[in-house]
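Below you'll find the structure I mean.
Chain lettering (A, B and C) follows the sequence in which the chains are written, and residue indices restart at 1 in each chain.
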């Protein structure tokens, strides 16, 4: 009775739910290990096929993160500082590739590659765009560029505008202000966001399924290889690779937290 | 500013290396193949690429039914190997193939078997058991995968199609989906190719089907007329049809007897494939039971497959 | 003076052009596919080849695959929207107290918990799907399901709710936690020192202050649930071709039988060559996603990755 009258049940309820959900999530993430067992974990992790795919994932997502940052940092700054008509509508269009289902993005890429810049490239060089590793980079870029701009906007939003106006009133050009004042101040946020963008690129696979297709050792970055091996009945590979993916995601987020930058989604 | 310049320089240099890599001179074949043939074809690719270093083979694995749509629209690809002659004939009718000879262009045959989760919980022993109420059956969707056609054919021949349809709990878009469902105990039984069943030796039970319902499925291969490298594609096709290529298929539980007597619907007439079925059942026993002897007499050409799956508790490699 | 102005102009032009590039790329990506809605000769030819299986070709050969005439489309949309609403409701009921606990109370291993939840946001959907399958089909949960005589995997309900809940909860939680973090705990302390109970302090002080953040989190969770694809594909599969007898009377009454998750349906239709139909479904998803993200921008929501 005392419990109810003083509202003590509320914190108990909150903490109870939190702990229960935490337990479920830990079980969810750890179930792969329990399923795989120690002996198999050692076996699969010592195979070269695992590490080849790991490096493929790492380099493709690094390259596409690079391109995304190149576009995303200035775009994020523009979205954060400039005021223009239909701002929200335009920002929504930029955000579309991350809010719609990635499979839909894959379907749309399937259509766009038969159009202007892409059909020209594929005709000129005689390559099938979308059936090789460049398709992987294109899918990753499409999703992460928008994601990157969004994270960058949030990073720049945190920095007060005052510093810029002070710098400019002291005679610095806007370009100089951006590189000497804004970028150094946003450094932590940018590095943190970069890691998140990298992890997001490494997690992209639904687009690949519709748009790229599988070539052993060439386009099967890890999350996609999970789908392919799942269809080959190789549960050992599937679970050991999902352990690697989980470790990649967790270590990326831990690295971000160590750096101490904040990166907001919305 | 300086760092920015360095970064820009790095980006440009990287783009150049990438593009030079991309448009270098190797000949890449695009091979449309059904998902069920993945294991054997990956091995074929490895050996073929070693023999012909200038040719690279890229696969596009899907459920067989999806290829017609893909090929009609994209008009890309060099070779075509769906899991059923039916799908290839559709392409032949549209004139997508340069030439197709039904007598010679068959590297191997699939044989249908029953798979159930390990331990066979619903005690399925023959085709008729699928009609029992309460059995969860996985069926293929004929629109997208070859095995769906055979489910309908087989159960219609046994006269239980309506009852089996009522038992269906899973509509698969490609044949490995049925294997996975049996492995994870989501269904109580299904009919799949022997080559699919052999991937799940540790987690499923394999039951051979009696002759009158045992389907023999011709696995065709053909060169597409849009092929960019016709000669190389023909070279790969010849390799697949050679004895060496067939032997690789045999290792993955395909039947490679050149003559298997069948009736007009494609059902088996005599015991030509009995030996293969026996090997398959023994292989399933051997993987689950360490003491089971593994040699040429018990598991035939499946030795490598059995040894591969014995290495780990969960299938891989 | 004029030099200063022109440098300002170039600066703006450079930055606008980058944002403009992203905008044009995104707009081009979505708009250039509108012509996929029109039926091409190749598509009609494809359907002639696959006519053996008796699709309604008359309807499918219309603009956008005639999707509004197809009960499958309406059932799928119904199924997806209802399921995601249930998912969001469960996520909110569980997530708001959790976020409050994580934001207010000192729980040991806090950084570990936050890392776990935020890493889920960047985890591939296929991994989530595999984890769900392995978790529910092996070990204690499998025995529990056997005892209950009911299987979670490959079921319409609750399979789909579970599959979409995992990620939408994780994303919603981050937003709700950010909302509570932005409310000064002093207000609550003042309310409690004036004699109100903990629950009352939460209900009358903190909750109203964090309201806009909570609404944003709900929208975020719902959008994420709508965008779910791989977890549903791995954990539930498709239901379109199953016989009517497999569905309970309740699902039939709710008009959810023989329907698929919309994004899975997009994949299945495009792969099968009903491109117009698949793209029509995709554009429906784009419209829904665009609307919810626009609302999110208007609210000015903030959700942290961790």
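Following the convention adopted for this analysis, a contact is a pair of C-beta atoms (placed from the backbone, for glycine too) under 8 Å apart; a residue touches a chain by one contact, two chains touch by 3 or more.
Just so you know, these numbers come straight off a predicted model, no measurement behind them.
Colleague: If you walk from chain to touching chain, how few steps can bring you from chain A to chain C?
Modeller: Contact-graph shortest path, chain A to chain C, evaluates to 1.
Colleague: Let me check something: if the centre of a chain is the mean of its CA atoms, which chain is farthest from chain C?
Modeller: That would be chain B.
Colleague: Can you work out the whole-Å distance between the CA centroids of chain A and chain C?
Modeller: Chain centroid spacing, chain A to chain C, equals 16 Å.
Colleague: Quick one: report the Å distance separating chain B from chain C, using the average Cα coordinate of each chain.
Modeller: Between these chains, centre-to-centre, one finds 34 Å.
Colleague: Touching two or more other chains, which residues of chain A qualify?
Modeller: Each of 35, 230, 239 in chain A touches at least two other chains.
Colleague: Could you list which residues of chain C touch at least two other chains?
Modeller: Expected reply: 271.
Colleague: Mark out which residues of chain B touch at least two other chains, giving numbers and ranges.
Modeller: Residues 62, 177 of chain B touch two or more partner chains.
Colleague: Residue numbers of chain C touching chain A in their complex, please.
Modeller: Those residues of chain C that touch chain A are 4, 7-8, 10-12, 14-16, 18-19, 21-23, 25-30, 32-33, 36, 94, 97-98, 100-102, 104-105, 107, 111, 113-127, 130-132, 134-135, 138-139, 166, 169, 171, 174-175, 178, 196-202, 216, 220, 223, 226-230, 234, 263-264, 266-267, 270-271, 278-279, 282, 285-286, 289-290, 292-294, 296-298, 301-306.
Colleague: In the complex formed with chain C, which residues of chain B make contact?
Modeller: Answer in residue numbers: 62-63, 65-66, 68-70, 72-73, 90, 93-94, 139, 141-144, 165-166, 168-173, 177, 181, 184-186.
Colleague: So in the complex, which bits of chain C are touching chain B?
Modeller: So the residues of chain C touching chain B come out as 42-43, 45-46, 49-50, 53, 133, 137, 142, 151, 153-154, 237-243, 245-246, 268, 271-273, 275.
Colleague: So in the complex, which bits of chain A are touching chain B?
Modeller: Where chain A meets chain B, its residues are 35-37, 39-40, 43-44, 47, 63, 66-67, 70, 125-128, 131-132, 134, 179, 213-216, 218, 228, 230-237, 239-240.
Colleague: State the interface residues of chain A toward chain C in the complex, per the touch definition above.
Modeller: Within the complex, chain A contacts chain C at residues 5-11, 13-15, 17-18, 21-22, 25-29, 31-32, 34-35, 71-72, 74-75, 77-79, 82, 88-97, 99-105, 107-112, 115, 142, 145-146, 149, 151, 154, 173-175, 178, 196, 199-200, 202-206, 209-210, 222-224, 226-227, 230, 238-239, 242, 245-246, 249-250, 252-254, 256-257, 262-266.
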